[in-house]
Amino acid sequence: MDLLNTIIQGVLLGGYYALIACGLSFMLGVMGVINLAHGSLAILSAYLIFTLADRFELNPFLGLVVVVPVMALVGAALQRGVLERSARGGLLVPVLSTYGVSIVVDNLMFEAFGADTRSLAPFLDDLAYDSWSLTDEISVGKLAAYTLGVAILTLGGLQLFLSRTAMGRAIRATALDPDTAGLIGINPRRVNAVAAALAGATVAIAGAFLAMRATFSPYAGSMQLIFAFEATVIGGAGSLWGTLAGGIVLGVAQSLGATLNPQGFFIAGHAAFLAVLFGRLIDGNSRAKLSLLWRRSPAA
Amino acid sequence: MSLLAVEAVEARHGLLQAVRQVSFTIAEGETVALVGANGAGKTTLLRTLAGAHRAAAGRVRFRGEDITARPSHERAAMGVALVPEGRKLFATMTVEENLNLARSAGRAGRWNLDTVLEAFPNLKARLHAKAGSLSGGEQQATAICRALMTNPEVIFLDEVSLGLSPLVVDRVYAQLAVLKASGVAMILVEQDLGRAMASATRTLCMLEGRIVIDAPTASLTREDITRAYFGLDRAESRGH
Amino acid sequence: MTMQSQARVTRWTRESKFALGACVLLLAALAFAPLFAPANAIDKLTTLFIYVILAVSWNALVGYGGLVSIGQQAFFGLGAYATIRLSDAGLNVYASLFVGAGLVAVFAAPLSYLMLRLKAAEFAIGMWVVAELAHLLVNLDTLVQGETGTSLIALNAYATEWRRALTYSFALVAMTLVLAAVFALLRSPTGAAIQAIRDNEEAAAAVGVRVASAKRLVFVIAAAGAALAGALWVATAVTFQPKTYFSPQWTAYMIFMALVGGLGSFEGAVLGALVFFAIEAAFGAFGVWYLVGLGAIALVFALSFPRGLWGFVTERTSLHLLPTGYFLDMKARDADR
């Protein structure tokens, strides 16, 4: 029962990871861009919503509605100002430039908001602590469940957008071949800005739910970036539903690890990430070796 | 005023001069064959005219308007389309998606999904197949249709017969005849001299980046073109 | 009518021979610095040497090898940790520095087999995850006591002036070794191989370059350099708190130095370390704004001046002080006419 409870908590945690990973997976898988400022932007969203709640007593969910378009604009600005110019040089320049952005954003947040850890939980009445009791030993946090639900909606919505709308198809086409996309009338710069704006919107949502379920501080972005990246890679970059699976695997691994040791939470997560990465490599190798064997026998 | 005017256009790949001082005009509805050896600069020229490659010098005018600085998507919106060498379909997307994407050019006209499929009925069955899984002929048809869906006034076709069997090429050219009849101007890059000369009223020949022949097809013999194609005239004048 | 040209292929220019001589003299002079320079200057120079080691190692991996890693702090921290452990086990503290770095290099070798199989983006962040994992595992060591950390107690055996001079001298030796090793590597066939791989891996493999082993060599050398830097850092700082040594901050510094100095150029890495050192000395006190400035400068250089300050110099003057490539000496041909 304890094990089942741990796994359930892990799945719910995975919902959050899928949410924070959504934007990163989208940018990486669809546009081939790695954005190291991703985590910092989630924290920035959290701070903006917090400020609206703290200073103007705006309910965090309403605050989120306000911050989503703001972060969408930030995403588009990042695309136009930094990512567009970085994309030509392979992986190196985007990594370096977005790393620079994350350093600037993190430290500006420290300067503006101070070192204290914050949370949105106090503004939610009891939502952060409410839960449903399934059995005597298993309870499901309401907020955690909502987070998982929002993650599924966001991922699903993004997937539908990409496959069913004209702009979504234009984004996919531009990611595949921007040169040819231009030839048939697609404006690559505008399309990429839209994609980046969408990613920014998802980052705002993720930042909000992070702040509601936990605490955050100016330099927390790095950790969120790592988790987002781990969930993305475990699930397979390029597949949005894979990101959901990846987030859940990460969440479950961490929850299981936490039962062994307080540090086990993080250790298990990182270990699971590396295990999946290398497992995939070995898989490919064995497949190659097997196919070699197959080819040899008929010829011999 | 001509539909498309090319004035002393130059284009480079790094330090390599691919297009040197090329000038010619295309009238409305005209079909022009562009021939030349591999590496003569034909693809670079077409890409420069379509806006996919930056012109290092010279001017390109479309209906009198200077479009030299315009990016490719703006030119597509004006009615300049390119069917690129190698088809360049979006392989993981379906035929229908590939075709519908061209509506991004935002041009109304006689070409829409229905009329395009009427002209190229071999695609009807493959509409929901991934473009990467199509045969060579089907891919070429899709690439042409995709460009058509932008309702262009002038269309550049870069080596449409590349890698296709003769029968399939016959069909592609039959379909191109439909295009011609609709009044679209065309520049046809073609390795097969016979087909090129049969389809076009005017022939341009490129050699090492320059235009060495620009004349009505009727006034040219195969011999004329072959000599220009291989630069034999020049070689003779050097005394080899 | 044909033209006879006797252009010579050479590896040195007149300026570079002069520069190498100057470098050797400088290093020799620096060796005597503890005798006459004030304590403050010795400490600062030691820090500078560590920065040079970091910059040159990271640049070899990323600038020359094209292997973008944002997790080199893994080796920095492990080098410091190995030093602590060895010293605690009874080995002389200064010997621990080099042996510790050596052990980390030995660990890096099998790690390279795993990590280098990853695709670019996965490798970059994968290395960061390795750093985080190393941090967590080191925390579990009871000697380290989690984030509280411990100290390099054995240093207390030395009087302060001696400790300062010894640390300085070993830092100087370490820096010289790293510079010499990387320079030799870059001028060797493997060095050419590495740059070929960076520019076009398939083409390099097609001409027979042994891609995997070349990459592994750079990986291990870069790891050794970072480990040496970490070991030396704990020798100067004395305290070891895992959070400081495994912090991504070190990667930020390495990125800054390489970008500003010039990615992919040997002289650039050294210049970058000097610039970083100067900026830190001048603005370090500004705390958070200093960091904002670092990030902003790195961003601007990444977007607009990827070849850095040294690239700026080379473009205008074609000056190569410590060249790792080949030149065509046309002057020899002209002189023959």
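Letters A, B and C mark the chains as written, and numbering starts fresh at 1 in each.
As a working rule, contacts are C-beta pairs under 8 Å (C-beta built on N, C-alpha and C of every residue); 3 or more make two chains touch, one makes a residue touch a chain.
Here the structure is a predicted model, which is why all the values come from computation and not from measurement.
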{"item": "Contact-richer chain pair (by C-beta pairs counted) among A-B and A-C", "value": "A-C"}
{"item": "Relative to chain A, chain with the most remote C-alpha centre", "value": "B"}
{"item": "Closest chain to the centre of mass proxy, which here is the mean CA position", "value": "A"}
{"item": "Approximate Å spacing (C-alpha centroids) for the pair chain B, chain C", "value": "53"}
{"item": "Interchain centroid distance [CA atoms averaged], chain A/chain B, Å", "value": "44"}
{"item": "Distance from chain C to chain A - Cα centre to Cα centre, in angstrom", "value": "33"}
{"item": "Numbers and ranges of chain A residues touching at least 2 other chains", "value": "none"}
{"item": "Sites on chain A touched by chain B in the complex", "value": "166, 169-170, 172-173, 176-177, 179-188"}
{"item": "Partner chain A, residues of chain C touching it in the complex", "value": "62, 66, 68, 70, 114, 117-118, 120-122, 124-126, 128-130, 132-133, 136-137, 139-140, 248, 251-252, 255, 259, 263, 288-289, 291-292, 294-299, 302-303, 306"}
{"item": "Residues of chain A that touch chain C when the two form their complex", "value": "28, 34, 36, 82, 85-86, 89-93, 95-97, 99-104, 107-108, 110-111, 222, 226, 229-230, 233, 237, 261, 263, 266-267, 270-271, 273-274, 277-278, 281"}
{"item": "Touch list for chain B against partner chain A, complex", "value": "50-52, 71-73, 76-77, 81-82, 84, 88, 90-93, 97, 100-107, 146-147, 149-150"}
